[in-house]
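Following this line, the structures themselves.
Two complexes are shown next, each including subunit A; its partner changes from subunit B in the first to subunit C in the second.
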Partner chain A sequence: MKEKTLRTLSWGWWLKNLVTNKNNLYTIIAIVFTLLIIGVLNNTLDNYQIRIFNLCAIYIILALSMNLINGFVGLFSLGHAGFMAIGAYTCALLTMSPEVKQMNFFLKPIVPWLANVQLPFPAGVLIAGIMAAVAGALIGAPVLRLKDDYLAIATLGFAEIIRIVFTNLQSITNGALGLKGLPNTVNVWWTWGIAIATIIFMILLIKGSYGKAFKAIREDEIAAEAMGISLFKHKMMAFVIGSFLAGVGGALLGHLMGTIDPLMFRFLLTFNIVLIVVFGGIGSITGNVISAVIVTIMMEILRVLDGKMDFGFIEIQGIPGLRMVMFSLILMIVILYWQRGLMGTKEFSWSWLGKISRRVVFRTKDC
Partner chain B sequence: MSLNIFMQQLVNAASLGSLYALLAIGYTMVYGILRLINFAHGDIFMLSTYIAFYAMTSFLLPWYISFAIAIILTILFGILLERGAYRPLRNSPRISIMISAIAASFLIENLAIVIFGGRPKAFPSVPAFSKIISISGVSTSSISVIIPIVTFIVLILLGYIVNQTKMGMAMRAVSKDYEAARLMGINVNTVISFTFGIGSGLAAIGGVMWGLKYPQLIPLMGLMPGLKCFIAAVVGGIGDIKGAVIGGFILGFGEIMIVAVSAFLPYDLSGYRDAFAFVLLIAILLLKPSGIMGKSSVEKV
Partner chain C sequence: MAILKTDNITMQFGGLTAVSDLKIELEKNQIAGLIGPNGAGKTTAFNMITGVYVPTKGKIFYNDMDITMKKPHEITKLGIARTFQNIRLFKELSVLDNVFVANHLRLKSNWVSSVIRTPQYTLKEKEMHEKSLDLLEKVGLIDVKDEDSYSLPYGMQRRLEIARALATKPEVLLLDEPAAGMNPQESQDLMSFISRIRDEFNLTILMIEHHMQVVMGICEKIYVLDYGVTIAQGNPFEIQNNQKVIEAYLGVD
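Presenting the complex of A and B:
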């Protein structure tokens, strides 16, 4: 009872804060400004660049969802690819038109209860997230009792099981053939809209009482439990929210690519997200957003390595696969020599920006 | 299923189980000492197969020399891996070490794709191992029989090293209590290098035999066996060598039997063969997290 009033009090305080605090005004201005930039970029970038731009937003969503589980609660989960697969397949099967489905399922007809379903894209994405969250809850209930590496290997195992099941359920997922011709409904407003919503949600969640509980669990589980924090409830909550976001990210990714198959959701996909989270700083929202954008763009730029390189005076034959070698090396170097990543556990805030700018101003005045 | 086919499957299961056991021992020994899942162990296994392949095809060496070279180089590589990727992080949080292990694994895999090429290669067949032998109607290739025998011999040797030699005693001491072992004057770094060497050596022995039994090499061939053998180690009770062997055999028999039994079922289960290990893992983690042979430990505050 008391806990509840405290929470409503803190929410009320937060609402009042939103209206009166200057920082929130800055935030709103920043969001509007970001939306403007997105609008401008949407009109100036070519098709290929817009695709990468979309990919950045999707990786922001995925990185934040992994960061919530791994960074804030300190549960090392490697099951992201599995939840993404669930989201991608759910959304694809719900939004594809009956004709396209019939064309896809030529080896074995689709099950009747899915054959004629066609929902609008937003409903598909939402249900994709919910399905992934349900899977997260079902998996989390038994697995979250485990710790550290056991948890990692168990979640990894679940992701593999999901992939293998999807490969074998010929009449629901079309097996190894995958699904082609997903409706091309993803645009920058969808991806960046959801990404910005995710960022805001994460900030509110982490700043609130739940975030404090998450961090307490990360720092010391036994102490947190002794302080009356329900370990299972909070771990489960983070895991389910993380799975939901992974499902949404997977759905968006599937629709952006236009085709999905089980091989897409291998461990490699999880590895990419781990790379982003580690590079940005495990436990920093700001760091993850920045590193998601950097890593996604870098991945595209480094494609040069796979192709032919022409430096004018020397021409190097491209070596396919060199890009991934570079990426593994970068992750290796970051984890060996620069464990904090870009931001460590620090976050961007307006007061921090103010402090920096004041310092700069004072220094110039001194001179 | 006639008795003959069943016996054949049994031989197959025994050889697959042996290979899994050899790999699982590497995981369990490293985990016992460093509390680290050596994600790159499967890739070390892959490397050994490729080294043997190149020694036989490019350098045209006889098979016994090639296999010896493969095993020695793999041991060296395993020791180097520990120096490069794990030693600098010895005192870091466990998540960092694990991420380093994952990164090392991906680095080796991607390097292998660049160096060896992504196309599958055929492991050369060695006449001595590819003979078809038949014992009272059960016919099988000789390698399927040789694998369990070699494994048995290797296990006896390993048992001797761990239980009878000074180094083995040091290994057991370090795995019991890292700090105390160091205080008693044991050179922990040497012991850890030695452990990685033995683990990689066993993986290499498994790797060349794997190449003879399943002669298709791809750079990612270590990924699945690697994960499965870690599971075998967990099922048997991680840190326990006997447990790893038992886990490896359970996994080998389970997988082969799923394929064998699905011939009688209305629904073809053989596609779920790879899922068996993971289902087994989750079952064992829920029922007895310390594994079949493991002792349950009490968490101290």
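Presenting the complex of A and C:
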């Protein structure tokens, strides 16, 4: 009884703390403001632009999930496409209507236990994340004992195995034919809602004691272990959380595209995310959010490179893949001249903004 | 009763026997020294005690508990902390965070409570923060608490490594060449600092040193290793006059 009152009291104190802290208040205002902007954009952008806008949010989720594993804990994991595939297929199979499933599976009928399930979209997304997390736990247990390059090869292998398994599980995944007609449930509220939730989650996780333990592991594994930090437990934790988010991102991506097939989850997809993470700064949440938006939009702008180009005096036939070549070139230049990405490991904070604005104010006063 | 005891531990790397049949016994609140020329096997002995290596042979007891097969983080949790010969700070973390993160092992909340900031977690985090500041105050690093740890001068980095080890709340502290790279005056200061923290934190200390002179004034008991073999042990006076030790240090056959 007494303990219960103590607990409710302290939760009251917790809530009071949340609203009375000035920075928390700023953050809440910023979130409301962002939601307003999203609402405005949702009503002004055309369909094609909305699609890119959604993609930005999805890539924020994916970049942050990879950043947790590769940026904060310093693991060299390249298995993202595998977890995304698990998420995308799980959500698709759980939310498609029995009729659409029947139309898809014309070569070989779908297994009976999946034929008639149809869950609401949020449940599908959640289970997609959980399935990816379970896969993360299963694969993590053996491979997280490996170091650097070995871990990269093992996770890369895992992602390829998932893809090949999915290509061959005809009666569950429809094999190479893929799945068409995923419910058109994704909108900006889903993608950006989950993206904002992911950003807040990551900030709270990284700022806390566990986040510092992750960074300690990244800086020096031997020293971290000597400080009593269990390497395996913390690596596993980050890997499983990261896999969960990758699964959620994969599910959203699948529904945004409306169509999924195993080819979509090649290494190229993981490479895109690596690119965002490196470009934004390995180990910076702020940098990754900014870079996810920039890279996604750039990818679309550079799409013209893959098509026919008419410069008036000369016409170039489209070279498929030129876009990726350009992008890789940009990445190489960034790495060469700007080794730590846009932000390095730095983060945006309200006190930092305060400092900058004071400086600007002082400058203008001086003149 | 010995707080830490190694029972004839041996470490072989392929054909090389880095440490053979090492027998150390530390009494509570003792300061002991492990000395010997380069490559004698001193750091290897530390690595066995702290679980980095599993001894090829022999057993290690801490408060009569067999810890031979335990992992490094478990051993730290039990109460044995260490520093490193080549400083191993968390470079990108601030001085304060280096100490803060060494409190993490005693955090009871799980990661979910850390994300939603439960009252219990918030209180604990505040306590960890205050304890870290307190510790930095005690070791004289409070003025540089917000600096990146790699930007500190060498002597301060060594001190920070000790502070970080202390933050894990050890009973036994192992120091691997804490005076390396210091001039005689700095070494002397460090030695009085070490005996001060022994009293203040109620520690038992085992310290590796390359130079015999540095530890003579502070250690109550000294073990001398040469090519992995314990060639002498005793109090400083006995060691100084031991023929084998003199030969090992002067390189006489």
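To be clear about the criterion, the second predicted complex is superposed on the first by the 338 of 367 C-alpha atoms of A that agree within 3 Å, B and C clash if a C-alpha of one lies under 4 Å from a C-alpha of the other, contacts with A are read in each partner's own complex, and residues count from 1 in each chain.
As a working rule, a contact is a pair of C-beta atoms (placed from the backbone, for glycine too) under 8 Å apart; a residue touches a chain by one contact, two chains touch by 3 or more.
All values derive from a computational prediction rather than experimental measurement.
Looking at the shared chain after the overlay, A:M227 reaches subunit C, while subunit B stays out of its contact range.
Using the contact criterion defined above for the overlaid structures, shared-chain residue A:G258 touches neither subunit B nor subunit C, since it reaches no partner.
Residue contacts after overlaying the shared chain place A:K215 against subunit C, while subunit B stays out of touching range. Once the two complexes are overlaid on the shared chain, A:P183 sits clear of subunit B and of subunit C alike. By the document's definition of touching, of the two partners only subunit B reaches A:T167; subunit C does not.
Of the two partner chains placed around the shared chain by superposition, subunit B is the only one that A:F267 touches, whereas subunit C remains out of contact. Judged by the touch definition given at the top, the superposed model places A:Q339 against subunit B, while subunit C stays out of reach. Looking at the superposition, the partner that touches the larger set of subunit A residues, subunit B or subunit C, turns out to be B. Across the superposed pair, subunit B and subunit C both touch subunit A at residues 222. Remark: subunit A residues 7, 10-11, 13-14, 17, 201, 204-205, 208-210, 212-213, 215-216, 218-220, 222-231, 237, 283, 345 touch subunit C in the complex. Residues 50, 52, 71-73, 76-77, 81-82, 84, 88-93, 97, 100-107, 109, 111, 114-122, 125, 128, 164-165, 167-168 of subunit C touch subunit A in their complex. Those residues of subunit B that touch subunit A in the shared complex are 35-37, 85, 88-89, 92, 94-96, 98-100, 102-104, 106-107, 109-111, 113-114, 118, 223, 227, 230-231, 234, 271-272, 274-275, 277-279, 281-282, 285-286, 289, 301. Residues 70, 74, 76, 142-143, 146, 148-150, 152-154, 156-158, 160-161, 164-165, 167-168, 222, 267-268, 271, 274, 278, 282, 319-322, 324-325, 327-329, 331-332, 335-336, 339 of subunit A are the ones touching subunit B in the complex.
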